[in-house]
Amino acid sequence: MMEHIPLDFPFLAAALLVGISFYIIIFKKNLIKLIMGIAMLASGVNLFLVSLGYRAGGTAPIYTDVPEGTMVMSVPQALTLTSIVINVAVLALMLTMAIRIYRHTGSLDSEKSRKLKG
Amino acid sequence: MLTKIVRTVANQLILFIVIFGLYVIVHGHITPGGGFQGGAVIVSGVVMLLAAFSSQELKKSLRERVLTIVESSGALIFIILAFIGIGTVFFYNILVGTPIFGRIPAIGPGPGDIWTGGVIPLMNFAVGLKVIAGLSAVVLALALFSGGEEVEE
Amino acid sequence: MRRVTGWIVLIVLVAFLVWGVTLVHPFGDPDASAMDDYIIENSQEETGSNNVVAAVLFDYRGLDTLGEATILFTAVTGVLLLLRASKRKKETS
Amino acid sequence: MTFLLESGYAFWNPLIWIIVFIVIMIVVYFFRRRGQKGYKKDTDQARIFLCGEEVPEAGERHIRVGNIYWGFFETLKEYYNQILRPHTGIINDYILWFVAITAISVIVLLVAGLG
Amino acid sequence: MAELITHSPILIIAIPLLAAFLTPLIGMASQKARNAFVVGSLVFVTFLVFALARDISFNGIHVYTLGAASPDLSIPTGFMVPVRIILEVDGMSAFFGIIWAIVSLAAAIYSLSHIASETGQTRFYTLLLLMVTGGFGMMFTGDLFNLFVFLEIASISGAALIAYRTKFADTQEGGFKYIVVSAIASLMVLFAIGLLYAQYNSLNIAYLAQVIQYTTLDKIALAMFLIAFAMKTGMVPLHLWFPDAYSVAPASITGMLVITSHACMYAAFRICFTLYGGVINAPVVGWIIIIFGLLTMFVGVTMAVYQKDVMRFMSYHAVSQLGYMWIGVGVGLAVLGNAELIATYGRDAMSGGIFHILNHAMYKPLLFFTGGALFHYTGTRDLTKMGGLAHKMKWTTILYIIGTLSISGIPPLNGFSSKILIYESVYQFHPILTITGIIVSILTLASFTKAFHSAFMGAELPEYKGGKEVPRSMIIGMVILAAGIVFVTLFPSLVVDWAIHPAADALIDQGAYINAVTGAIP
């Protein structure tokens, strides 16, 4: 087995996650799928952020009963936490609007809910 | 509304969920966790209740108005805790060194002490209050709306 | 037409992203960490909190957390605003 | 002089314009005063005369917005056909444009850095 | 008073926030008290902004370190890197702050009777105050992640407010589009912040500006920042969501959304000039901005002439006017490295662009407010159903004329004085820019004349016989902005000397911004 995770695997995973979610956002016409795509995009960005702060062999940055040694960086974790809560808020609001759109038009298709154009 | 077994189990389980959530909130400054995480744990308990019972049932005990008041007061406590430092600087941790939560732990790894952290435990508590009330209100409102009922003004 | 454009654009974007993240420092070995080292070393003394992440959240980057709590408040207010009844009940008016 | 705005080449003074406006107003007022004094409201003088035809109702004689600048749109028909195509109103397309422009500007910035 | 000034950067952000948290509680007690509270807190904030701006013009950049032992202790003693969140207010931030304060005050007063017949007013005002907080936070912060957080506050509250009138389907659609677009834009901003953080381990704009290298990753991050903020601003061809969202919002919110889009423009300028200012490939980025600016101007105005919905028509004009600002500042950016060209026309072009932001922030909300008054009176946004409204809406007509003349750049109104600055300086960079600008200006006048004729002129239509002029608070909200227009019209040089040139110099002078934070380090 390898000693540590090869290459920049988490970074690549984050980049691919962003790519896949853009695929969903661009090609899927269902509003709920669109919202799921945005949630995935947020996960990708969060994964990228939190893996920036990792130091090989580091422990969690909490001093309570921790073995001596390096600690991983704490600021990216705080940023990720903030970003996760922000995305929860955004998703809640998006879902509310999607429900309202469904109530009004009876459809969740983004091609059908386009009263505003031109 | 699910079967009686589920409802009974949920009724008992909610106590432990709330206790665990409160533990996470209160020990936010010494162990992993904090206001957001603990609040989310408790709200997951609320979601469990929502699944076990109907939203109509839950509406009787969780009033929209009460939730709004609790949420606003959580946010207010938070911002006031930030404001009390303004004698020095906004967000200055004024309680470090005072008897209330003011102890300074031994530098370096060691056992935690609950009376440390200055305003951090209080802020954790305020945020926890806010998250519990806010997310419960959202979940409840969405459930009620799917059942065809709109929120009062 | 749209499918083709979409795929081209998507492939270009993903190529750039993948290429970009390989240019970031190797995983587990950050290039610069002055700010984080300072916080890890001094947080116990300055804030009295054993949990460094909590110290960052509520002390060093307190305004971010206030903003985060505000966003949650905004979203809750927004959801309740959007799910409200658009007509007043008779007895209230 | 607080009214004066220097723009490097020329200057701009709103006071001059305001004075000119006031002078024009006075001239207009003089012309207006020379008009007919015998105008009476609510008589045939005030009614619309359309070569003896029936005058349409207020709603029908107002030129609605769709009929204004008809010639302009007729001339630029091709342009408008093209320009209206991206305005589909579908949210997915909006994001596609965003991704496309981001990709293009990344390429431009990187290529410009090479030379 | 001196204490108040010292703490004013955070107070300007925190007081609307505190008011927003209190509003639901007060709203339960009494509606009148709530309205008075909202307007009162905004008046106080406006006062603070003016006091802060005055102090900045005398004493230079204000730095406020949150949570440190003293406000100006931006870097911990004996350390080299800023650790805490730092608010940094310079001439540019103060300039945007003044605009935002005035427009939000006018919008709050306007809302008092504009939404009087709707439910959910308490939550409406709460969100309005939160949006004010978000805007001020974006303008005053000196920290990238903090910028992202406040960007999200402004966009989430904005989206909820756009969808405020839930009984119509199109409002929900507009709000949904807005929130999707802003969520994606801000996530890309966050990704770019992560790219910068990975290399330099800092989030402070001033410190990053000092150490930035312009590596490949920095270029990718710059493109992401620029295009994400440009999307939020409504630059062609990323403007497609713009009229959809703006046309369906309540008019007071549309007026405020214009300024949030200016705040995103501020963020883009901050990124280009301050963060990347020392290392940026200025001509390339400048030309990118100029080309998109030209497209924005032209496509925006031609689409506007075509519109039949009054709010949509004005939104497209907002798009087209944004092009002038991009061009003015883009020309300044394109010649950034060349001190001689900056002195000949670069600074004037930037001043023109920034001056146009001020003017646009006055007349565009005014026009949106008149559009809202038309909606209030007729119950429709469709211009084909309107006509002869000048008979009943005398105040609205006069205010609309002021706004129209101003946006079309008719002398002596303020739109002309900023446009002449842009035209004359930009002509020396490339004549085609000025020519396009003049054509766009003509088309603007043409389309506003068309809307004026179809809405206000003509005989009184039978269906609108019985109505009355809009309520007084709406007129007061509009008159505040019209008074701003008249002031700028009469004293252009005063405004340019006291507000515009300091703002332009703040953008050009990257060193001052850095020194304010990392001053001790040579």
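In this document, chain identifiers A, B, C, D and E correspond to the written order of the chains, with residue numbering beginning at 1 in each.
Criterion: contacts are C-beta pairs under 8 Å (C-beta built on N, C-alpha and C of every residue); 3 or more make two chains touch, one makes a residue touch a chain.
Everything numeric in this text was worked out from a predicted model, so none of it was measured.
Where touching is counted per the definition, the chains common to chain A and chain B are C, E.
Across the two candidate interfaces, D-E and B-C, the one carrying more C-beta contacts is D-E. Using mean Cα coordinates as chain centres, the one most removed from chain A is D.
Each chain gets a centre from the mean of its Cα atoms; the one farthest from the centre of chain C is D. Centres computed as Cα averages put chain B at a distance of 36 Å from chain E. Chain centres here are Cα averages; for chain A and chain D they lie 45 Å apart.
Centre-to-centre separation of chain A and chain E, using mean CA positions: 29 Å. Counting partner chains per residue, chain D shows two or more touched chains at residues 87-89, 91, 93, 95-96, 99, 102, 106.
In chain A, the positions touching at least two other chains are 18, 22, 25-27, 34, 48, 52, 62-64, 73, 75, 79, 81-82, 85-86, 89-90, 92-93, 96-97, 100, 114-118.
Counting partners per residue, chain E has 17, 21, 24, 66-67, 119-120, 145, 149, 152, 156, 159-160, 163, 166, 172, 175-177, 180, 184, 198, 201, 216, 220, 244, 306 as the residues that reach two or more other chains. Inter-chain contacts occur between A-B, A-C, A-D, A-E, B-C, B-E, C-D, C-E, D-E. Chain C contributes residues 2, 5-6, 9-10, 12-13, 16 to its touches with chain D in the complex.
Interface residues of chain E facing chain A in the complex, by the touch rule stated above, are 145, 149, 152, 156, 159-160, 163, 166, 168-170, 172-177, 179-180, 183-184, 187, 190-191, 194, 197-198, 201, 203, 243-244, 247-248, 306-307, 312.
Within the complex formed with chain B, the residues of chain A that make contact are 60, 62-68, 81, 85, 92, 95-96, 99. On the chain B side of its complex with chain C, the touching residues are 28-32, 34, 36, 64, 68, 71, 75, 78-79, 82, 91, 93, 96, 101-105, 107-108, 110, 112-113, 116-120, 123-124, 127, 130-131, 134-135, 137-138, 141-142, 144-145, 150-153. By the touch criterion given at the top, residues 4-5, 7-12, 14-16, 18-19, 22-23, 26-27, 48, 51-57, 61-64, 71, 73-75, 77-79, 81-82, 85-86, 88-90, 92-93, 96-97, 100 of chain A touch chain C in their complex.
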